[in-house]
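Following this message is one structure expressed as structure tokens.
Read from first to last, the chains carry the letters A, B, C, D and E; within each, the first residue is number 1.
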Amino acid sequence: GQGDGKSKSSEAEQTAKADEVAESNISGDGSSTVAPILEGIVEEYSASHPKTQVSVGVSGTGGGFEKFINGETDFSNASRPVKDEEAAKLKEAGIDYTEMKIAYDGISIVVNKDNDWVEDLTVDQLKEIWTENGKNKKWSDINPKWPKEKISFYSPGTDSGTYDYFVNDILEGKDLVKNATLSEDDNVLVKGVESDKNGLGYFGFAYYLANKDQLKVVKIGGIEPTHETIKSGTYTPLSRPLFVYVKNKSVKENASMYNFMKYTIENAGEMAEAVGYVKTPDEDYKKDLESLEGLK
Amino acid sequence: MATKKLEEKTVQELIEQSQNQSSQLTEKLMPKLLFIAALVSVLTTIGIILTLVVETGEFFTRVSVWEYLFGKEWFPFSSTDPTYGIWPLLMGTLKVTGIAIIVAAPLGLAIAIYLSEYASDKIRQVIKPILEILAGIPTIVYGFFALTFVTPLLQHIVPSLKIFNALSPGIVIGIMILPMIASLSEDAMSQVPNSLREGALALGSTRLEVALKVVLPAALSGILSSVVLAVSRAIGETMIVSLAGGSTPKFDMQVTDSIQTMTAYIVQVASGDAGYGTTIYYSIYAIGFTLFFFTFLMNIAAQFLSKRFREGY
Amino acid sequence: MIQIEKPREIFQTNHLNVWYGEQHALKDINLSIKEKEVTAIIGPSGCGKSTYLKTLNRMVELASNVRITGDILYKEENILHKKYTVERLRTKVGMVFQKPNPFPKTIYDNVAYGPRIHGIKNKKMLDEIVENSLRKAAIWDDVKDRLQHHAYGLSGGQQQRLCIARCLAIEPDVILMDEPTSALDPISTLKVEELIQTLKQNYSIIIVTHNMQQAARISDQTAFFLHGEMIECSQTNKLFSSPADRRTGDYISGRFG
Amino acid sequence: MNLINQKEILHRIQSRVNLNRFVKGVFLVATLLVLAVLALLLFRLISQGAGHLSLDFLGNYSSRFAAKAGIKAALVGSILLMLVVAPVTLIIGVATAIYLEEYAPKTKLTNLIVINISNLAGVPSIIFGLLGLTVFVRGLMLGKSVLAAGLTMSLLVLPVIIVSSQEAIRGVPSDLREASYGMGAAKWKTILHVVLPAAIPGIATGCILALSRAVGETAPLVILGIPVIVYFLPTGLLSEFTALPMQIFDWAKRPQPEFQTVAAAGIVVLMVFLLLLNSLAVYIRYKYQKRY
Amino acid sequence: MIQIEKPREIFQTNHLNVWYGEQHALKDINLSIKEKEVTAIIGPSGCGKSTYLKTLNRMVELASNVRITGDILYKEENILHKKYTVERLRTKVGMVFQKPNPFPKTIYDNVAYGPRIHGIKNKKMLDEIVENSLRKAAIWDDVKDRLQHHAYGLSGGQQQRLCIARCLAIEPDVILMDEPTSALDPISTLKVEELIQTLKQNYSIIIVTHNMQQAARISDQTAFFLHGEMIECSQTNKLFSSPADRRTGDYISGRFG
């Protein structure tokens, strides 16, 4: 950390010191999709603000909200908007919060490298493949030309925002195939598809990018997920926003929290790009900053 | 002589003088304090049982006991029709445990016999600490080893092996519990008095005959107890199966496919975390209770066996 | 006149030395053991009596770090020779220990153990061997009705006689006994002593004892050990009545030990 | 007189001796096999992690860039965790052992405590995680702090230290106790001045074993929800923290293959840490061994 | 004519019975121990010698399941009385064990142990007590230059004398000795025997021994125990020359045990 500090201008360092009031703790939890962005931000922030102690757990969006509701955390990362029940519980617990949109993610559909039959799927095909119908699905059920082999499914776990989004928006609330390997741990999914010729999986764009060479990405309606297609909104419906939910009270009472969140919003776009997601338009960040100022 | 007499008196007199109250109080108080410390372990058990029972009770207000005990499908994440049949998870646990025992019991016993009946003191003094090292390796390390080394290696031998499967974690858990079997069995066997070995050797027995006909029968319940304890360890093992076993509860006999054990399910839910108060949240306590129940039975069995064994002499 | 047959030698020890690591436990022992006699070995604690006995069936090698030099001839064959199989030796040279050590099995299985490991499986034959051995060990009447009972249910003296029976079952030539009565009560001691007297008609017996009266009562020949050396060995009544060495005299008159 | 065919027996001896030799070989191979697995495991981990090991690795916080990722927070966290576990288990464990060995009457309650302890030793660690989550993290509101994790781990390893202390105390020759009583020393005095000093090596060894277990356990930490993105050192017992196995678990789960190397390096650090602890145990044992 | 002072009785045992669980280890023992004399207790293994000795300082109660009836008067006080503090008794009645059992501490700390636990902390005083006790135990010259060395570095005989010194440090009236020389070599045995002879000028000594010659050599009075009963007790030379009971005769002539 120290080495990085030196490269920065001494002026920046001084302001950093100046707005660091005293020792303080900030605790966050939540989405594993958002975690890489926050990890980068916390890493950079901690280097210049050693007195502010930010810890971030990775319990998935749902798990994060659970702790947020319990009052255990100051902010919660989410890869989907807060659900109605969660919002109700938060209200019940008397926790006021603010939603910050910090980046976009494109859910990528991937298959094994040796899979030479699937190139492109329509949204309807996707739905047909992934919806539970009581049978063991074969590739040939979708397209008779494809092999008569059973598909192995890999999906993020039920508590992840990615799962929720996929089930709600693609499967329209129907059950996901039951014999899918579910895991909060995206590495599990990457490894699974990578090692299984009949593997089929989906997860955040960042994880696909990080393992580009081991996997083959499937086009959806002819569109491949890339920075451009996600940002421009052409990769639909599989691109989605990522959020940080901030506890208002924490920002009000803790100057460090304000500082940290400000830093987060200012740097989220850049950090998102660095770890493989896509910036939101600049207006979004401006709006986030304004609402943050409003909390102070 | 005169000074001696004087001194003689002084020592006993001094002793008489210093029979102080505070030390008598300490003597009275200490056993009570120590007893309280001893109760901590009992409180721990009570705490575990209470924690598990309360939340499990809540679980069974939502899911029928019948479904839980006899259902052959475990799919709590379904938004329309969640099912909570323990058998797929139980099956995953049994597969892994079975493989582990197949690996660990023969090897562990062979090592135990070698150490207690054949090896010289020197060799024993070298090998036992190495086994201890093996026993002291954290399970996360074994898990990593299973995932990044054993599974790829096995895939060369069994091409149909999935990246997550029962075989690899089973074998690695076997390696993990092996030292336990080896060293507890060795203890049981070396507790068989040397006089019996001498008696047998003096009749012209070979070492093998001594081991199989005298020592093993005498130490049998001790050995069984070590195996039962090892089974209990395998059932409760978490990190290895979490890393290398996968997360697909299935009710079948396949060992090359992804599975899920009871422990891995708890980790999955706890690190993903279903919302507080959902049925899924309570289900980990039900599973925890089941796990506790099984290992409890095993431990009782092990104790019974080893007690029976010790009564032999 | 009755012609007395001179007993042959069954064991001949020449320049025997035994070390446990650095400790020189037996020093240049030269001793002949006669066939079908009782030889007693006496001496204070730690003088090497047990070590000597255990060297005769090479059980001494069970301890780690043991080093042996010299010769021991058993029926003219050097048992310390590398190629000599100890299992063969030990079927010929049986041993009874200080503490009775029956196996945790039934009485029958205890006696049948030896024949069984030597490959005798015929049930009738085993029955016969068991009965015979128990009779010879003078314990048949005590146990004939409970052969299938556990051996640990017997008293100490009975257990010791069972161990003798177990040893007899494989029909050895020699029986080594290391303080066989020291863990027994007086009555059991008496029984075992009587038994030894009977057995000596068929077996050569070497007995270690700390009880000089016992040595005097039952042995034909007595050897006195001290600090790993054999001080003196002669006819028992001679050794006790007129010891050749002053130290023997001191010991048997209880001046030390 | 001769029921036994001595010739035949002598004939058979050779094949029995050969069988014995063969089986001994088989057992030896089995033993070597296990040693080989251990060697393989260590070799594999070290060769995989060696490239990433450096002073920077020890001195840096974790990072999103594998090349920069370090283990400082986890290492300090684990040490702090030990500082909680050591005194708690030592006091409760040794006290329990003394009670059971020296004072406990032969009652049903005592029997229950004894059985309970050996049962507790067999309870899966993940269940202690559930207990800790309910009692310490939420019940006593300690949060995901060093203290909460430390207490959870203490309960987990308590049986280890109790059992080895019991053995150590039992191993103190009773004639030392008798000598002390024989001079009119009362019980607690005897325990304090004779039994405990003589039992120190065994107790210390048990304590270290318990600590190694506590340092290596992962499952309870996962259940407690110990965070992994931590760029600070814990400041006190109530501070949040991360620990070695948690950090390794996190790295091992990451999708980028370079992090596998980092995980392996983390494992090497963890193993060295445990090795140091164990050498300490061996040293203590060695130093006090020649006493009786 | 020199007037012989009749020795007073320091211990008086009346109808003493001791059970270990079901086992009746001591049966109706009546025995008086005289002050400043050496009383030897002999008898075969298991006859209750140690049990009797340990009852005198109530160490026997350390075994579980012990039951005692009868009276033991120490200086006219009944030590079996509930209210009698054993710690007080044991500071008056010291004990030396069969196996030398020094604490794993330095020589100095071994001897200072007793005074220290009884609250004597003054360094100078302790020094004096330690020297004095070591002198009385005839081991001062052996150890005076290495008081801070570990006691386990001493030889067996030295360790046993150290244990005697440790016992003397709290100035007891009586010293109980349970086969104090049986683990020692002849030379150490001799030294300890000589020491006992000296100590008897100031202390009453009760010694259990399995060595009848030893009993004959050092004791004034000898008691013979058998199967938990006291068969006979009289002047030592009388008991050995003309025993009143046939069993005593059998035992001392080595007919059993």
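Here is the rule we use: a contact is a pair of C-beta atoms (placed from the backbone, for glycine too) under 8 Å apart; a residue touches a chain by one contact, two chains touch by 3 or more.
Bear in mind that the values here come from a model prediction, so they are computed numbers and not experimental data.
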{"item": "For chain C and chain E, chains touching each", "value": "B, D"}
{"item": "Pair of chains joined by the greatest number of C-beta pairs in contact", "value": "B-D"}
{"item": "Whole-Å separation of chain centres (CA-atom averages), chain D against chain E", "value": "46"}
{"item": "Centroid spacing, where centroids are CA-atom means, of chain A and chain C in whole angstrom", "value": "84"}
{"item": "Centre-of-Cα separation between chain D and chain B, whole angstrom", "value": "13"}
{"item": "Shared interface positions of chain E, touching two or more other chains", "value": "88, 91-92, 118, 170"}
{"item": "Per-residue multi-chain contacts in chain B, two or more chains", "value": "23, 147, 204, 206, 209, 271, 273"}
{"item": "For chain D, residues contacting two or more additional chains", "value": "13, 16-17, 186, 189, 225, 252-253"}
{"item": "Chain D contact footprint on chain E (complex, rising order)", "value": "57, 59, 62, 64, 86-92, 94-95, 97, 99, 101-105, 113-114, 117-118, 152, 163, 166-167, 170"}
{"item": "Contact footprint of chain E on chain B as seen in their complex", "value": "4, 7-8, 11-12, 14-15, 17-20, 23"}
{"item": "Partner chain C, residues of chain D touching it in the complex", "value": "1-4, 6, 8-10, 12-14, 16-17"}
{"item": "Sites on chain B touched by chain A in the complex", "value": "73, 75-81, 147, 155, 162-164, 246-248, 250, 258, 268-269, 271-276, 280"}
{"item": "Residues of chain B defined as touching chain C within the complex", "value": "120-122, 193, 195-196, 198-206, 209, 213-214, 217-218, 312-313"}
